[in-house]
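Heads up, the next two complexes both have chain A, just with different partners, chain B and then chain C.
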Partner chain A sequence: MANKFTGIGSESKQLATWYFTFAAILLGAQLVFGLVAAIQYVMPGFLFELLDFSVARMLHINALVVWMVFAMFGSVYYLLPDETGIETVGIKVGKLLYWIFVAAIVVVVLVYLFIQVGPATETSIWFIHEGREYIEAPRWADWGIVVVALGFVGNLFLTGMKGNRSGIVTVLMADMIAFAGLYLAGMFFTDNITLDQYWWWWVIHLWVEATWEVFVGSIAAYGLIQMIGASRKVVEMWLWIEVAMLFGSGILGIGHHYFWIGTPEYWWEIGALFSALEPLPLVAMFIHVMYDWGKQQGKKVAGGSDESVVANKPAFVWFWMNAFGNFLGAGIWGFFHTLPQVNLYTHGTQFTSAHGHLAFFGAYATILIGMFYLAVQGSNGIKVLKHTKASIWSISLMVGGMLGMTMALTIAGYVQVLVSRAQMGATWAGYFDGQQGMWFAQAMDWRLIMGVVMFLGFALLAKDLLTTGKNPVHER
Partner chain B sequence: MAKISVWSDNRFWQRSAAWITGFAAVLLIWLTFDTAGQIAMGTDADLQAGVTKRVPGPTVINYKITYEMSTKRGHEVPVIGEKEMFFGRDDYSEEEAGALLHLGKLGSQTKNCMNCHTLLGNGAYYAPDLTKAWLDPAWQDGGTMQAMTGKSTKEEAMAEFLQHPSTYPTHSRMMPDLGITPEEAKGLVAFLKHMSSIDTNGFPRNFGRMQGAVNGK
Partner chain C sequence: MVEQVIMRQDIALDDFLTIFVSSGLVLVFGGLYVGIYTAVKVELLKTWTMPIAYIFWVLTAYCLYLMGSLMHVGEFTAKALVVAAFGILLLPHAVYYMQDQVHQQNEH
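The block that comes next holds the complex of A and B.
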């Protein structure tokens, strides 16, 4: 069955490419500020009291969250016309909201960069930043995000109700309203740090270990139908099973963040049990991709053809990397330290950082980059999008760089766990004993080197995304 | 076509997904009500009556806090002991202590502590964990950090360091000057003292128990 990439002329797809473009720019910013922070581990005097670690790191992780949200909104706008068979309802409002969103982010970034910190007042919380990891955006921007998200969810719902509401669209409708609604849990101030972190995790955990994962399941389902012509019936059945498994394990898996923040002991058992189950759906998702690929290719071979079923090579590799990377980064690296007996020592060490890097990359960055490639194919009317040298090199360098950083951070984490925590009892002096260890220092050198490798990969990715659409190697 | 298994039926899996998600969400909300009750901040009356709260009230700054092994719980727990001077007073009212904690919590966010340090183990890993910083041996009488600032109490030493961190470098990796005022520093120290009194189920383990040789001593 021929894939239909009749994207040209669709306003929804045009808006999607805007979202993807800004997302890719923010991905570049994320890597730049990540490199600054990585250099500071190796050379602590670098940009000291000019662009301190706290500022670089805030920009690093905020750019991460925002580029992914942009790419997710873009992905939904991209697939809606294909799934529903109609143009997205309210697309004009969608485009207006896009520019409001971009403008707000530019202002927030400039304030982060040039104001950095304010006095200990509510005004600073409203206009500079909230100082809460991942959701630092100042309160005024929070409300802006709520308005933009409401507009986005509104467009999705109106389109889903008017057009053909496929299983994928149904899952997305339920998932995106939860995704947007959860943000409200992170929008208040309290003097009680335990209560603060309790609700903060509702946003962070229920995003990245529940609603975002279900989003990935939906996008993977859409991608398999588009790229290899997988059967919708099979793909959507898997999707529902994945939703059951992801929400069934992920919602109560939030307990693994409630071991040590002042919350009751029963979260040990709940968190351990449900978060230990969290890797299962990720295994299922990987098997699903491999199964569908094998099945579709097998059918084609049985029909006497030796051609690949894959209609977009780079996108498919990124989707495959997602299926595997989600399992490896979120599943394995997460499971390593999810039991309270282990987490007592690993909590708040570079171990978490190793997991965070590989999981965000494996579970989200990969598939969203895959969506960038689907958009390049669609907006250039390409039938089969092939690899270029740049696409192959960018995948290799980015994946290799990320795996290298993860290994380095894991080793650094071990040093920290053994020296600073188990041996020295987590004090100020114990912390620096760990940081000054030779293996820790070497790990930080390697992390920086691998970060540079990753950045080179990104440069090639940007080049490929900008140029491959006009490349004559593709089948049109 | 009448004999298709329910296990390959999309409607069946759709309903299963809805029921499982609903059940998990309801359970989380129910547990949230229970937890919210248990982590609500205590009062001054609780402290005076010796009622143990997971998160004590702000007037905990009037008391000495230690971190001791509990044989019953199998790990260390914060113990609130006798009265103790904090910036020369041990009679902060609920309003005064609450105002200090409020200022300190605001400061902890506006100064972006969490993007270098960890608080309750959450944050960045560029600087030491602050969960039990108040109890750190380095700040106690005779500790290296207190000695360095030339102050005679731990709270004054911490406040001095917070206002002029790069004047007191302990490592090549230094804390930057964040424009912290004397009043903000006092609030931040109150916030740190309060945080150290939170029952964190034994995190961090063995805090301050082991001390390696520092500078040949």
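The block that comes next holds the complex of A and C.
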């Protein structure tokens, strides 16, 4: 529904590009700190006592979560005018909250970098970091994030209620309430580590394997309509089925995190059953993308044209990578070690890291990079955005680098399973013996090399995004 | 008070590689089954390739069986794996049927 709010002049789309820009900067930071941590596996003395592994890793994984949250907010602000037909309600508040969010993240990162550790009292929790993987932001920043998230959800709801409430917007409204609400489960401490971890997983698992996956379904639906002109009725019907399947398997799939943290044994059965079902919606999402593309392209061919139906080729490739990568990273690499009988040996090894890398990249980074391309197309008034050398090389290097890292980490994890766990029974000596073997050491070398390949891909991605507006190859 | 001890059968060292490979292949073969099935239905592949899709499903089910037996899964997990195997078999049919019905209703 083209109108004055959906074009270049849309304030909501402008805000979206701000969010995407900061997200891309944080993605770069994530890769840099990932490389530092990867070098430290190969050369343990690298930046010792300046930027220790614990700090580099914390910055690496927190930057991951934050850039994705920024890109998700940006995606919603980008699609709202198209879906609702009106400008986002409260856009001025949205812009103010954006700057508060950016300022808070910059301060948090500077504290992580230059202060690093606190006195291990309440002061640390409030002003340094909370010490919980992925969501280590200090409590003052936690409350800031809550305010920003409430403002964002408020804008989404007010716009959805005032404008045309499409199926995509309705799903996003419900999903973002859960997304924002679940963050609260990671904001309080209990003295019992089992209870503490129990609630912490509500944020991490229920975000990633429930609300984020539903978000991806919504974005994929929007992208298919925008890029290949897929039928809205078909896409939205399918979106509701995906929501049911994702929540149906994903919520109780949390059981696979409760195997060994001191929770009752019935979580073994619950975790095993629902984890086994978790790949099914991913398979279904894969079919969905293939079906819509096949049908739309088939119609064009039947009409006597051999032109592609795709209006934004780099974005479409990234969306396709998402359907495949979600299945590969979250599905296959997740299923490797999700059953308790195997997880007993793989838990906390590089297997987890291999799965984490490929799943976050395949399921989320891909589609969010696809949204960067949609935004670049929209903000430059491009009718058909074509591939460039930089876009092809960036996709190849980033995907190739990630697959290489995943293979290397899987081999390292396999060594740990055999040596540290199965042969030496998860002992202190076993932990070190597992990491001193040739296979583990070489796997870490390859992980670093592939990390550099991925970083080169990112550099080309940044170049391509920044030069798209002036590139004459695209149809206007 | 007598503590309840949960007995678990260890996985043989030589079985780890087979378990990891077979669990990976479950979804690789499953993906090929779903991919070929869908590609034939949307006419991206010739109809004669459909039996190949079902061969991949058989391989999927075999890998699930192999993985489950080497892991010494309990009765409940074994049932869950059977449900998953039949889920993979039925899913593309159900999804394609629903997609197609919606297309039919909206285009004719």
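Everything that follows uses one rule, which is that the second predicted complex is superposed on the first by the 470 of 476 C-alpha atoms of A that agree within 3 Å, B and C clash if a C-alpha of one lies under 4 Å from a C-alpha of the other, contacts with A are read in each partner's own complex, and residues count from 1 in each chain.
Here, contacts are C-beta pairs under 8 Å (C-beta built on N, C-alpha and C of every residue); 3 or more make two chains touch, one makes a residue touch a chain.
All figures in this text were calculated on a predicted structure; none of them were measured in a lab.
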- Task: May I ask you to decide whether A:Y41 touches chain B, chain C, both, or neither, giving the answer as first, second, both or neither?
- Result: first
- Tell me which partner A:E265 touches in the superposition: chain B (first), chain C (second), both or neither. both
- Message: One more residue to check, A:G400. First (chain B), second (chain C), both or neither?
- Response: neither
- Item | Greater chain A contact set [chain C / chain B] | B
- Message: For A:I287 in the superposed arrangement: first (chain B), second (chain C), both or neither?
- Response: second
- So, A:A244: does it touch chain B (first), chain C (second), both, or neither? first
- Of the two partner chains, chain B (first) and chain C (second), which one does A:Q350 touch, if any: first, second, both, or neither? first
- Message: If we overlay the two complexes on their shared chain A, which of chain B and chain C does A:I125 touch? Say first, second, both or neither.
- Response: first
- For A:D433, decide between first (touching chain B), second (touching chain C), both and neither. first
- Message: For A:G28 in the superposed arrangement: first (chain B), second (chain C), both or neither?
- Response: neither
- Message: Taking the stated contact definition, name every residue in chain A that is touched by chain B in one complex and by chain C in the other, in rising order.
- Response: 233, 237, 241, 265, 344-345, 422-423
- Across the complex, what residues on chain C touch chain A? 6, 8, 11, 13, 16-17, 19-20, 23-24, 26-28, 30-31, 34-35, 38-39, 41-44, 71-74, 76-77, 80-81, 83-84, 87-88, 91-92, 95-96, 98-99, 102-103, 106-107
- Message: Show me the residue ranges of chain A that touch chain B in the complex, using the header's touch definition.
- Response: 37, 40-41, 44-45, 48-49, 52-55, 57-58, 116-122, 124-125, 128-133, 136, 167, 170, 189-198, 200, 233, 236-237, 240-241, 243-244, 247-248, 251-252, 254, 257-268, 270, 344-345, 347-350, 352-353, 416, 421-433, 435-436
- Where on chain A is chain C touching in the complex? 231, 233-234, 237-238, 241, 265, 269, 272-273, 276-277, 279-280, 283-284, 286-288, 290-291, 294-295, 298, 327, 331-332, 335-336, 339-342, 344-345, 414, 417-418, 422-423
- Query: Tell me, which parts of chain B touch chain A in their complex?
  - Reply: 8-10, 13-14, 16-17, 20-21, 24-25, 27-28, 31-32, 34-36, 38-41, 54-55, 58, 98, 101-116, 118-129, 131-133, 136-138, 144-145, 166, 170-174, 176-179, 181, 184, 187-188, 191, 195, 198-212, 214
